[in-house]
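Would you mind keeping the following structure in view while I ask a few things?
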Amino acid sequence: MTETSLVVTDLHVEFSGFVAVGGVSFDAHPGEVRFLIGPNGAGKTTCIDAITGLSPATGSARLGEQELLGRPVHKIVRLGIGRTFQTASVFNELSVLQNLDIAAGRHRHWSSLLRTRRGVDPSIEQALEETGLAGELATPAGILSHGQKQWLEIAMLLVQDARVLLLDEPVAGMSQDERTATGELLQRVAAKRIVLVVEHDMDFMRRFATRVTVLHQGKVLSHGTVAEVQADPKVQEVYLGTAGAATTDAMAVVPEAAAVELASAPEMAASTHHEGD
Amino acid sequence: MDALIPPLLNGSAQGALLLLAALGLSLTFGQMGVINMAHGEFLMIGAFTAYLVQQVIGASDLSIPVALPVAFAVAGLLGLLLEVSIIQWMYRRPLDTLLVTVGVSLILQQAALQIFPSQGVPVEKPGWLDGQLTILGYDWPLRQVFTIVLATVCVAALAAWLKYTSFGRRIRATVQNRDLAEVAGISTRTVDRLTFFIGSGLAGVAGVAASLVGGTNSQMGAQYIIPAFLVVAAGGIGQLRGTIVAALAVGVGLSCFAYWTTGSLAQVLAFILVIVFLQLRPQGLFTVRTRSLV
Amino acid sequence: MLELTDIEAGYGRTRVLHGVTVPAGKVVAVLGHNGAGKTTLLRVAIGLIKPTKGRVFFDGEDIASLAPNRRVARGMAYVPQGQQAFGQLTTLENLQLVADGRRRGKALIEAQLARFPALEQFAARKAGLLSGGQRQQLAIARALITEPKLLILDEPTEGIQPTIVAEIERTIVQLAAEGINVLLVEQHIGFALEAAERYVVLASGFVTRTDEGGSAAVSTVRAAMAI
Amino acid sequence: MTKLRSLFSLSGIGVFAVVLLAVAPLVLTDHWLSNLGKYCCWAMAAVGIGLAWGRGGMLVMGQGVFFALGAYSMAMHLTLETAGDGVPGFMVLYDPLAPLPAFWEPFRSTAFTLVAIVALPVVVAGILGYALFKRRVKGAYFAILTQALAVALATLISSTIRETGGDTGLSDFKYFFGFVLNDPANRSMVYLIAAGLLVVCLLVVWQLYRSRFGELLVATRDAEERVRFLGYDPANIKLVAFVVAALMASIGGAMFVPIVGIITPAEIGAAASILMIAGVAFGGRASLFGPALGAMAVGWGQSSLGSTWPDGWTYIIGLLFIVVILFLPKGLSSLPARFAAARRGPGEQRAAATATRQLEEAKS
Amino acid sequence: GCGARAGDEASASSKSAGPSCVDTSGSTIKLGFLNSLTGGMAISEKTVSNVLHMAADEINAGGGILGKKIQYVQEDGATDWPTFAEKTEKLLTQDCVAAIFGGWTSSSRKAVKPVVEKNNGLFFYPVQYEGLEASPNIYYTGATTNQQIIPAMDFLASKGVKKLFLAGSDYVFPRTANAIIKLYAAKLGIQIVGEEYVPLDKDDWTTQVAKIKAAKPDFIFNTINGSSNVGFIKAYYDAGLTAATTPIISVSIAEEEAPAMGHEVTGHYASWNYFQSLKSDTNPKFIESWKAYPKSSGVTSDPMEAAYISLYLYKALVEAAGSFDVNAVNAAAKSKPITFAAPEGTVTLDGENHHISKPGHIGQINASNQFDIVWSSDKFIKPDPFLNGYDWFPANVRDQLVKAAG
């Protein structure tokens, strides 16, 4: 694998004595949808916080040759790391287009800041299509619904052209169809980028994960393919419970055809935005 | 020693007065997030109340003890009126409360100027505050000791109220997330009103203490408001012990600087030091952090 | 117990709900896509949004004019979407806040701490420092402490680990069995339909389907959601 | 649509310029013209506050500090110009034998003074802003801190009477860069410079508001931490707005001196700084013209209502604060939009048609 | 087009002082009253403003000035010196008043001065001040230093004071006055054991009083203005100082202020030219009229008296000149001695420096907050704003000041 990878080695995060992450190592490569799972409080979000510079950490997190730890947040972003938040945060007063335009700004020369936006960047248009937000272009982001905001966040990552996407529970609160669409979007995105997803939706994980790392109490409990992890009794005990085997969720009964049909973005948009039409 | 003890004694009294002025703010600003620029005028109202009490019962030994609860009630009720009429509509934009209350403070100042004699009114010190206490061979005016005792009592009462009743929790919950507090069964309106009543009432008490220090006139509140805010900010928003430490530090600092340099420069130095301190510790002395992003 | 009829509501001039009626029932599930108006509906139910039209009945009484905290006092409890907690208060204080003034307040807190071990472990930690899932557990515990007659849950299992999701699902079924009513927004359609006596499907603020739960087919519901 | 709006604003600035620069000198008496010049100076500071506060969310309650930098730079120069080679008269009063304080010396130079008016606020605001924003000081803290700075500076000036003229201030200037200030022709020239500078300030914010920077600034106001995760340092974004605002205040202060003929700590202290904000809030903090017009209106109110009804004026300005913030948080300039929206009625707000049209327009 | 540049002064000054717009054709004459009715100094200035109204009413009742009734325009200086300048200009150029009366602080006067000079107007200033000034466009009816400060020092010397402490507000008057006091004290052999200033708008004096107590002076010279005095007095008594041990001599506490201190101030001294207790022919009438005046505060004081007579002085000047014209008024002041039977005695205007002669008095505060006069100058003191008659005042300073004043 010649492309740059994200390599986390022996990551430690401590909060005034409490060890939230105690020596976690994992890696993620372009072309895969990497999952990070584990019980509540296992340290997943904290790992992402550490990689993105939000929490002070020791150990190492490298993107290719670049060490990420110890840099300020915005410098890490400029190296190509993008993330979403467990609770969606977008610029409420700005329109969807403006949100995306700002996200796209990282690649522009600073002098372009002083000029007026003319036209819509192709990358923005594409991201709008991908996430089905095209109809909401002029909507202030503050009045989007929960799920729409999450899509907007993903779209912002896309236009940001991040090399690494760290997604903290990206499908929480989405309906099954929307989860499917999002998962497929992530699969497409992952072709050229590193995608790391934190999720508790096991059906979602089963469908889209290539490799999985399980955290527990700040340590790696297990890792491997979906099947390997699911079969691990330790994982079943602390995390999966019966969900490892049973299929309480509707995902199992989704006809493949329906999923495919739903995957095309414009229809998805039509189903979510109302009043407008 | 001569250069240290007197400013220390003076300064702790000055700090105590500042603490009294800041105590109400640590509730309304620190806990509720309301930036009440009219707090100084509530203090002024407390001082005028002391005057009126003296007019009614004479400047007897009793006048100040009587004036304290009356000033608390009067300033508190005015604060309540302010909350009900204006502040209650503004909890979702705390920064704007600053501007609204600037308007209130202008109006209260002008009203005081027109209602009372323009040169101010005299509030007399009761006889039992005449004299000094001798500490380490230095005279400590009883009036200063009284201010310290008063501040201590108020702080203790407030701390106990916040700690031993569930009210402290409810105030903090209400400020953090009104909707959530409401659906957690808290009557946020009651919490708001009561907090504002007590915060403003404490300003009234501070006003009685201030009336024994300087002039009682329409401008007096303006002297206290910015230092009081600085003290609350430097102490750490919502941190009672921070407010106490900061008030004493500023009081002693002011006094020392005034002792070593000049009164005017002392003001400047004290301000600059607090500003620099806040720059170094933007969350104040005692910090509370959360992970929430925005 | 809770019944909403012909609700119209929104934000400012934006209307989100158009004549939504939610029937009474032991467990009522509200289903719908993102932005369909589910959360808005629940906010109307608890009183955070005043509907511009329609009526809200609780225990046979019109409660449309009651403030949320009065509704809570009458036995409604609400778990909002998005892992909400009072971040500056400790976990324990978050619970004490609702237990204050209740008889057996201490015991109620104990019971919830037993149900959610993570909360017991981090009782002294500021809730703002908890992980997302821990906060969500806290939110549910806070609602349960009030011993409500009606529990309103907005995607309660969002962000929670599978073992505890199972625990919460068990709890919901159990509460229902104990006679507590539940109004539930849930994306796990399977579970929602299993638990619900009745369900309502919202699409773009309109009710597109109302039916008995239990035996309902997931595909029918999904079709109704996509209208 | 946006394009149209911004052209509309531009022509608004044009009209404003014509009124200030051509019409006002023709119709106003000398007294009112110089008053108008004074309002223009406040308006410059207000335009900056609009940028920093309205768009950037930084409630700058101490613009008096920067106003002072410009004003005192100018006043020191004019004082020295009036004093000729000697020490200014007021200094002789307090200490006849001491020399001119060292920091006064460079202000003998015209060039240095002009540079100082521009560079001082940039440097001071730069350092201050850098320190504050890097430490993530914001909201009420920021407001109170800046206010405290204004108080501290005013007190410092008051307490250094020999060095700065103290509470009494600096006044009695005879010349303005070689021009005799008493000459009406020169006074209208000074007015025209101030009015012209105000128009320039408006043009600057007009461009900033329609630029990407303007959007970024609003984004930073709404979710500062989130901006970080898009690869920007919000501290820098805020810093730019803060420095520009400081510069505008400084220029306003500098022009205030020859127009009004006196500068005192009261013009830069807490009350003065708050009054500047009053104008901005009144006119509309986030709008283009609101801050300038609001500041001018407050200035005019002070001159005219303060005359006819001195006791009442304080009540009016107090009520203005309350009513505007309570009922019109976006200021008077939001009134037209409100009426329009009310007429349009509900439902159409998020009309998809508009969005699509905008997309088309943006694409082309 | 550009106007005059430095150097072509002649053309400039002729242009600037354009023809006066004062309208003397009707049956009334417009005068401007300018005091702080709002802000910190309203505390002192409101009374002065009220007494001006009373004087105007009196003069109107007596037939007005040159047969014209006074029609006054009241302006608020708002305790803001630039506002004083703006309002002065407005009164002179928009309202076209014939003269302006008011002001209190020296700062306000210094703001007004260039404006009245530029527009060739008239300003009547009624408060004791620090001297070292004489403008052709200002008439000073309050004391200059040699009529108040110097008598006070003479009084202290006569009492055998050896150690003096100076306490003042931090602005031009106390600073300058104390500079002069220090010069004169050196001459009198009085040691200055300390000097403290507190900003006008602050009134916490506790630390400064502690310093005073430590310095053990025989007397305190008080040049504090406004309500800051209250804080000073309170801190003074808190510290256990008394009139018996460490008396205060003040130049700004008068009948009005004494009862407002919140502590009885019996036994302290003040140096003024007028006291309510003064026995003179015209004083009883003045006191009576004031007590009867609707907005009265009940007592009279030196600044009020000076404001009161400023209007009468103007009337006398105009009637001597037979005209409201500024140049004519100034010429009349120079050509014949203007005298006026003031409550403080018969005062004479010095046509050169525009100050008036005044008697120096030291009063001691009694239990009813009135002043018992304990010392008086042997005659009316001629105004000497630049202290020409005092050899201890350095000539080079005087020269520089005169030069700086232009």
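Here the chain labels run A, B, C, D and E in written order, and each chain numbers its own residues starting at 1.
The rule is short, and it goes like this: contacts are C-beta pairs under 8 Å (C-beta built on N, C-alpha and C of every residue); 3 or more make two chains touch, one makes a residue touch a chain.
Fair warning: this is a prediction, and the values are worked out from it, not measured in the lab.
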### Summary
Touching both chain B and chain E we find D
### Message
What's the farthest chain from chain D if centres are computed as the mean of the Cα atoms?
### Response
C
### Message
With centres defined as the mean C-alpha position, give me the chain A-chain C separation in Å.
### Response
27
#### Entry: Geometric centre distance via CA averages, chain C-chain B, whole Å
43
### Query
Roughly how far is chain B from chain D, going centre to centre by Cα mean, in whole Å?
32
### Message
How many angstrom lie between the centres of chain D and chain E, each centre taken as the mean Cα position?
### Response
37
### Overlap residues in chain B, where contacts from two or more other chains coincide
110, 222, 262, 264, 267, 291, 293-294
### Touching two or more other chains - residues of chain D
155, 158-159, 222-223, 225-226, 311, 314, 347, 350
### Task
Return the residues of chain E touching two or more other chains; collapse runs of consecutive numbers into ranges.
38, 170, 197, 199
### Query
How about chain D: which of its residues touch chain B in the complex?
59, 61, 131-132, 135-137, 139-141, 143-145, 147-149, 151-152, 155-156, 158-159, 222-226, 270, 274, 277-278, 281, 311, 314-315, 317-322, 325-326, 329
### Query
Considering the complex alone, what residue numbers of chain A touch chain C?
15, 38-42, 44-46, 86-87, 143-148, 168-169, 172-178, 200, 202, 238-244, 248-250, 253, 258, 271-275
## Note on the structure
Per the touch rule above, chain A residues touching chain D in the complex are 52, 72-74, 77-78, 82-83, 89-94, 97-99, 101-103, 105-106, 108, 112-117, 119-120, 125, 134-139, 143, 156, 160, 273, 275-277
### Query
chain B touches which residues of chain E in the complex?
38-40, 42-44, 46-47, 170, 196-199, 201-208, 210-211, 213-214, 227-231, 234-235, 237-240, 256-257, 259-263, 297
### Message
Using the touch definition from the top, list the residues of chain C that touch chain A in their complex.
### Response
11, 14-15, 31-36, 39, 81-83, 118, 122, 129-134, 136-137, 155, 158-166, 169, 187-191, 203-205, 218-219, 222, 225-226
